[in-house]
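One structure below.
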């Protein structure tokens, strides 16, 4: 029986309406996903495609598949996509430079050709067997039916997929995992190193005004031998020439000339 | 519902390799870095040897297994045996520590200090061993798969580790990463075709098992569009894997970019696995559609031979030359599938078996010719190798003559068998094309020989390093196999002839 | 083990011994090589005396299974034609080794390797002529390219690498075409006989439809025409001969290329009689073109004032001679066939003499230009006279061996194709020109400056060339022993073609 006829025959009205509504959206979203420049838009269009597909599955009485599609793809996978996009930067866009001249045109022609051929052939296709019908597939319930297949007929490929998943996990470790940098020093190493370099004061720099008369920021600290310490005052103040000199604090009248004349 | 029966005994070889791969993953997770290499190599070699032993024990099997998902029959035994042997040789090359073929740390940015540091500190990605084991298990599953789903999953199990390993080369990291990405993207693309095709075939046949498809073709007369569309798309996926034109574009880049031990492994093992699966599909599942697929495969075979041989002439990089030669060999191998006869089946298996040794040996020698920066793959710098190290050049010459199919090498036996089968089936056009392509191919093999013997060595630091026993063993085994199977192939041929039957 | 196998194995063992010798033991290597080749030659001659001349079919037959899966046997055997060709090779090998004592010294590789390669080549030649299994024949046919390739490329002069590659590729290409035909034959034999086979005798019983037969014939014929070499497949020869050392050229042109004409008789004619008859006239035209083309080019070399090359000249004369041989083969008369076979032997000896003496001239004069050899008659009379004799043999002077064969070929051809025979006879006149002009210009002319102090042949050289000259003269007067061996084989080939009597068939 011709496929087109079967479709005509077995599709209910509501289903047809929904299909014709959603199909263009799906196709347009898919095409748009390839054409838009920004990765985020692309991801969102992908989500649209996946949701539409989920609806199609549910329409075709495969509710389990539809819901899994939403949970896994639209939920988990899309979220991962978006996370990665956030990490990479939302604004990053692919550069679409043709390295082979006319590649895009040729690509489009080839794609349309192959697509056209496929559509032409499929629309004339026949099924080689009776339609099994959904009643049989869903006879014991949709989930039960799938479970039976996964753990019955297809148990071997299903188990083998585990090898695939492990490979993927191992692969992502290989490609992304870096050994911790062995040269990075911990706190202890840093402090020991600091003590060894005796030119630097171990306990940090003296603050301004320590042991001096005033504790204003422009007053150098006095060291135990009575000399003033240059490092105790911010370089900026020194540069601006606002550094106070010990002479400034004599019990004399201070004149502006003295202060600015240094 | 009864629990499905899994025949652990006859699936044993695959399970052993898979288990070893899992142990390898655990070793990565729990064992100190110092002991990883020795444990990983020990596990891998032991697993492959054990699997081979188990394969020998079950060699008389001919039945379906795992709810008809697998077909363990003579053809499978031969192919899995080949995969295990070539996998073992590939592992020997991968385990070589005399020089660094693999990057010390794949995650380090190429050219960064970090990469340098990892290299100096002698880090090693010992993950390649479990990855290789996964690839081997995939290559064992692929030709044994008896339904489209298993076939697809095995294809991915085979390919995914290879995509990863292609990107691990120490030399020319960026090129290697590009190769890996290209391989991955194109591989994913071809997988999509494969899956699309499977869906169509399922739609028409109402079954994913090869037996079901075979039956459906007999019943429907095989004239249905769905089946043809599905087969066409499936063919695209398979031809990608065997690197037949026009789906060969990845081959030179990936062969060049991958670490050479991986290239050796990939060249031999993937070819065996992919042609093994192709044989099962074209001979068993869709044999009834021969009038539909044969003309297409004839055209593809001829184009593949032509592209492989003609473009190889223009190459300046030894690994690219060998890649194009691998493409040409795919063309030759397709003639065995076109034959669609018991002779064709035998010939294809013999060809695969002989080709694997020769190609691994060739790449093993490529790993030896180095300068301070790593491998020297520029052909011009191979000049005068015959003078510098006659033994290496002599062995390489043997391998090249084997690839060219000169009598008294194993390559000739394979070529003769496969062309005879094709001729017998009446497809004389591919035989003539094959003969002409062989003549062109001889040119670039001989050009390399001329380069090695009749040019004077250039003093540019190129030298042949002294490898460890592992690479030496690989080269020796491959050379002996190439020579012995060229001079006295009868035992191998009769063993393959007597084993190679499909389980009905 | 059969005598043929032993004959083939001896040189191989000798070469293995040579390769195992330590470095620098050149003299020992030469002595071993010479010793081995002389032993083999004596063994071969001994074998020839036990050959039954009155019987047809193969003798010294030996057959072992090699690759039963493909019905391939290790099958050896000789009839008159192959026996003589093997003897030619066995006799010429020690001559070449002795004559080319110092030839390998300027080579890329060691001297022992040179002689080792020559001995390997000897094994291959015995194998290729003795094989009665086509697959085995093909294996030897291809395998013998390798030693020649290294002999030319490793020890030659000038553009040696290019010449070696050209030689190898031409031969490989031809060989692959032949392989396609062999596969075809094999498949047909599988359809017509109980089991597919490569046995020549069994394959000649097949009845193949005309179209297929034509295709298969061409596969074989082109391979052999490249080897022979027949115009227009000859272009590799001058390069190879110019680049190769004289010793290599002797083996290449004198012996190896006979595989081409031998193959035409053994395989083209006996396996594809219909196609052979069909293509016969075309090939006769090609043969005539070869005769004149080779002659003209040789004359051009001989007369060119500056850079006429003596090795090239000899190689062009060979093209002309091979034209006569193929003419004889495809004229399909008993006389022409016997003549063609005899021609193969005689050409082997006369070319050997020419090349070896030319080689001595070149090594003394350090030049290959004909114009540089002026006045050798006076300076080195023995060398000049021997060259003269060899040249006379080459142009088929009555009383020297080539005359008989050329005469037989032309007479035999005349019986069936008078006009080509007459045209071919004109070729003899050109032969006289291409030999006499250089002889006159080089040997008899005034002494070219630089030639005054050349030394004449040494004792080693005289001894080594003596058997060749003796053969040329002896069989010139008394060719009957050779013809006795050849005639039964020739008539057997023709009877397979179902052409009876000289004028029959047409």
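By written order: A, B and C. Residues from 1 in each chain.
Heads up, the rule we're going with is that contacts are C-beta pairs under 8 Å (C-beta built on N, C-alpha and C of every residue); 3 or more make two chains touch, one makes a residue touch a chain.
Predicted model only: the values in this text are computed from it and were never measured.
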Query raised in the report: When the mean CA coordinate of each chain is compared with the mean CA coordinate of the whole protein, which chain is closest?
Result: B
Requested in this report: Would you identify the chain whose Cα-based centre sits farthest away from the centre of subunit A?
Outcome: C
Requested in this report: Take the average of all CA coordinates in subunit A, do the same for subunit B, and state the distance between these two points in whole angstrom.
Outcome: 36
Query - Rounded Å distance, subunit A centre to subunit C centre (Cα mean) - result: 76
Report task. Give, as an integer number of Å, the spacing between the C-alpha centres of subunit C and subunit B. Result -> 44
**Report entry** Contact set on subunit C toward subunit B in their complex
**Finding:** 65-70, 108, 138-139, 142-143, 146, 150, 153-154, 160-161, 164-165, 168-169, 172-173, 176-177, 179-180, 183-184, 186-187, 190
Query raised in the report: In their shared complex, at which residues does subunit B touch subunit C?
Result: 387, 401, 406-408, 413, 416-417, 419-420, 423-424, 428, 431-432, 435-436, 438-439, 442-443, 446-447, 450, 453-455, 488-490, 493-494, 497
Report summary line: Within their complex, subunit A touches subunit B through residues 3, 118, 121-122, 124-129, 132, 148, 151-157, 160-161, 163-164, 166-168, 170-171, 173-179, 181-183
Query - Touching residues (chain side subunit B, partner subunit A) in the complex - result: 1, 4, 6, 18, 21-22, 25, 28, 66-70, 105-108, 114, 117-118, 121, 123, 125, 127, 130-131, 134, 137-138, 141, 147, 149-150, 152-154, 156-157, 160-161, 163-164, 167-168, 200, 203-206, 216, 219-220, 224-229
